[in-house]
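One structure, as structure tokens, below. Some questions next.
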Amino acid sequence: MAETVLQVKSVTKHFPGVVALNQVDFNNYAGEIHALVGENGAGKSTLIKVIAGAYQPDGGEIIFGGQKTVWDSPHQSREAGISVIYQEFNLFPDLTVAENIFMGNEPLKAFRLIDYPKMIKESDELLSKFGICIEPLKKVKDLSVAEQQMVEIAKGMCNQTKLFILDEPTAGISDQEAETLFERLAVLKAEGVSVIYISHRLGEIFQIADRVTVLKDGNLVDTFDTKAIDKNTLVSKMVGRDLEDIYPPKGGEAGGEALSIKSLSVGHLVKDVSFSLRQGEILGLAGLVGSRRTELAHGLFGSLPITAGSYKLGGREVSATNPQASIRSGLGFLTEDRKNEGLVLGQSIEANITMPILAQFANNSLVDFKREKNFCQQEMDKYAIVAKSGEVLVNNLSGGNQQKVLFSRWVQACGGVLILDEPTRGVDVGAKVEIYKIIRDLAESGLAILLISSELQEVVGMCDRVVVMKEGRLAGELENDQISEESIMHLATLSRENFVCD
Amino acid sequence: MSEAFKKVVSKIDPSIGIVSGLVLLLVIAGFFVSDRFGTTQNLLNILENSVSLGLASMGQTLVILTGGIDLSIGGIISLTSCLTSGVINGNSSLMFPVIAGVLLLGIAIGALNGVLIVRLGVHPLIVTLGMSMVLQGVTLMYTLEPPGAMPLSWDLVAYGKLLGVPVAPLVMVLIFIAMWAFLKKARLGRYIFAVGGNAEAARLSGIRQNRVVVFVYTACGFFATLTGLYLVSRMGIGDPRIGGYYMLSSITPVVVGGTILAGGKGGVIGTLIGVYLIIVLRNLLNFMDITSFYQWIIEGVIIIVAVSFYVERKKV
Amino acid sequence: MSGTTINLERAETSRLAQAKPFFQKYGLYVFLVLLILIAVSTSPQFLAPRNIQNLLTEGAPLGMAALGQTFVILTAGLDLSVGSLMSSVAVIATSIAPDNVMILPIFLIAIAFGALVGFVNGWLVTKRKVSPFLATLATMIVLQGLRFAWTKGAPLSGHLPPGFRVLGTGTLLSIPVNLWALGFLILVFAIVLYRTTYGRKLYLVGGNPRAAFLSGIHADRVIIAAYMICAVLASIAGLFLVGYVGSVDNWVGKGYELDSIAAVMMGGASFKGGKGGIFGSLAGVLVLIVIYNLVLLLGFPIQTQLVVKGLVIILAASFYLTRGD
């Protein structure tokens, strides 16, 4: 076998309230593509940040190029030849494409001046290697999400890389663009570069990876040869149980129309979307990153302005221009980004639960803390939120418990229709199963649920019906047996206009 | 030709366009307001009046570009101006060693600001506010009155002329152009924007942001010291209270020139035009016999109007 | 969970880390006690009732200003117009008839003026999206201009209703009158902050304005109200200050904006908002005035006070931060 480029030995990393990595072992050979898989919150992103020196491990060691390394900052790992494409974009919106690609790695002239002509030329070459036409002097804020993703990838490829780490590089790009990426990775592999590849799209992993390592809840499950394992086995390793046990059985009778949307547009973001949702139904809203599902939800909720069209809640026309009004008319919205848009992390569980309905616990503006406390205790029992008391700061809860706090909040506050945007992002499998059960129970109790999710499995496993969005428009609708990962992907990427050169 | 011109125009930041337009408007208005406005003497006056504010705002721009702020500029100006004239005390043989020493001191104070911000993790506003109090206190312990005297030759800094043209305003403009080129072309210059634009991304890109932060506060200390030395030349003597004005006034031209307090966007050219805007405005109001009291009101209004016109950066 | 064994292991390795939360929470109080001990041991006059009375009388206006500043800093903002507003209110007070009958009207006018200024600040910050620093800096400059335009730059004196002197320097049951007033304001605003829905919303909006907005809280209104509370308290502080000083010049409130911000920050607040509280801020005020008093008692030149104050502000603020926070 080829030489070992990277060896991770029993690495441990804690965050407040969570063990993100628990004595994980991992290694990578030269000229190998090694896939890293696991559910959201399994510890993949933490592991690569530890490898890249962005986090310092609490225990264990990392051996890179035969030497034990202790990196205080990403600067050192970069110098050593590790290049990372992170899941969240790490771009500078007000700088140009070329500057972004070469950030931290600029070609220099005398006096540490940047050699712009060279930088622009090399950016051009690099981008055209991917067959992409992006003007290197354009500012990044003027690019589309997919273009930004390609810039991020190009950024990772520009230096003398020995180990190339990609975290979900294909989350926002089309199959065609992904193929170009895979070709590049094959070339790098042939040149002896070692690659760590994280993806939710399991198909890709079987297509390009040599080995695959499974993480679950911060623990190493095992490492397999991709030839020696099939997709179903891999999935059951990832979730730690058989698929049938994860999703509650579908069914239940759908009632009357709870939400109906007619040719709704939200600025330039969402165009002419129509669909309806019935009581007791779970409707999936699927699409690639950048397909504007979240923006549609914000339009409904009054946090982005609706520019055309209308919608009805329970048969009544709604014209909400702010979340207060939407909540009053019966809508609840559990946002995708729970740290930035959902929770107030520095406040207690109680304060977070009663946020939209605080007035119910007040007499003449004075908060009745006793009543609030009792109510929250009931809620914590109901949703099995694990914490010493309701006064515990939300910051100290695990992802799953944080998410349950949000469920408690929104189920209380909403009056008929609940929008769930990525409700299981960053929670462990146990909590996931609980949340799926909560969602199904809510539907059975008559609530209409719009479930936005990027995890196709989840959409397939949970939804009674699915609508697919593509670049702000409706791409199609799927029902019953039509719902499959393949059919959703097909609609989501179908005849997508893209920026690939001819 | 016109295509090329359009391309150039489209590259100019809209905020710079707005401020330049305002300056132009004020100058045109000036010719109508008073016959004396357009005289060479008055125009040179305007240029000379802009030097100290320009130098102070130069350093402030660098700091604000990283998303920080420096409230200690005033303290540094007061301290360095007093030390210079106080220690030299008319003795021209001491002039150069003292000036070199004072420059080093200013740089060291700036560096200390940066190190404290990086190491203690305290917000720049608090660190530099504390530093400003310390410096002001030290200055007042050193002297309560304008101390010592400067050799006559030091007057040349502020009043020197070359072929009838005052040198100091010219040098200031050259410094701005040099810093513009530095921010545009040098790696460190680009890193200043990167750290201000997205600190975490900068860190993950392998930029040693602590060094960048320490650098900008050091540079700010340097420019504040230059301001102090210039003022000593202009007044002929240091003054323990002269810096107070610059603490907050150095921020106005920066933000009026389109640099946003959040960092990562803007630049020194906008600041330079912002400085001229304020100085021309003041000059004009003087001709209109409007007292400084109303000038304050107008300055406040300009800050608000300018800033609420510029669109803050959208996150990627 | 599987983390238990590792957690134990970690606890062993970092005794120091355990001490840190304590220090973060109570650091300023410990510091204050230390400072008082130093004061007591170096200067016998420190504990003299007269000195304590002086110290508190002098500190009361800063206490009021810091009380208001706390509300604004909780929203992740700050108010630089506090000092200028205090001066302006002082000028207003001297511009109305110097008759004790006018005390109540003067208070009402000052409060209304403060509410207006606070509203403008809050409006600029929320509706015009001007950063708090610049919005309140601009208000500060504009108020300064208005004040000087009104007074023509001349200092005013002796035109205050005599009752103001009593408010500023008198005692009631041997406790300074302005301390009674401060106590009353603390009580009122502690209830507002810790017992009302508004106080709860303020912490929620400060901690995460986006999440608060998406939960149906009128974040803008909450923030505007915070600026109004701050400005009203600054106006009241201005009146007590002018009562204490006795005469008015145009700069009487100068420095109060930065001192009040420093006190609040020492008291555990963060410019990121949602953190800190009234009692921390008041402890911060006490630290500042004890330093001031100590410097006087020890006979150091008054300028030393600035140096010590500057150092203490930096030091105290660093208690609350962990690296990478």
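First chain written, first letter: the chains are A, B and C, and each begins at residue 1.
Heads up, the rule we're going with is that a residue touches a chain if its C-beta (ideal position, glycine included) is under 8 Å from a C-beta of that chain, and two chains touch if they have at least 3 such contacts.
Small disclaimer: the values here were computed from a predicted structure and weren't measured.
**Q** Which chain pair shares more contacting C-beta pairs: B-C, or A-B?
**A** By number of C-beta pairs in contact, B-C is the larger.
**Q** Based on the averaged CA atom positions, which chain is farthest from chain B?
**A** Measuring from the centre of chain B, the most distant chain centre belongs to A.
**Q** How many Å are there between the centre of chain A and the centre of chain B, using C-alpha atoms for each centre?
**A** Whole-Å distance between the two chain centres: 44.
**Q** From the mean C-alpha coordinate of chain B to that of chain C, what's the distance rounded to whole Å?
**A** Here chain B and chain C have centroids separated by 30 Å.
**Q** Using the touch rule from the top, collect the residues of chain B that touch chain A in their complex.
**A** Of all residues in chain B, those touching chain A are 185-188, 190, 193-194, 197-198, 200-208, 264-265, 313-316.
**Q** Which positions of chain C touch chain A when the two form their complex?
**A** Against chain A, the touching part of chain C is residues 1-3, 6-7, 9-10, 195-198, 200-201, 203-204, 207-208, 210-218, 274-275.
**Q** Which residues of chain C touch chain B in the complex?
**A** Residues of chain C touching chain B: 78, 80, 124, 128-131, 133-135, 137-142, 144-149, 152-153, 258, 261-262, 265, 270-271, 301, 303-314, 317-318, 321-325.
**Q** So in the complex, which bits of chain A are touching chain B?
**A** Touching chain B: residues 52, 54, 73-75, 77-79, 84, 86, 89-95, 99, 103-106, 108, 111-114, 116, 140-141, 148, 155 of chain A.
**Q** What does chain B use to touch chain C in their complex?
**A** That would be residues 69, 116, 120-123, 125-127, 129-138, 140-141, 248, 251-252, 255, 260-262, 291-301, 303-304, 307-308, 312 of chain B.
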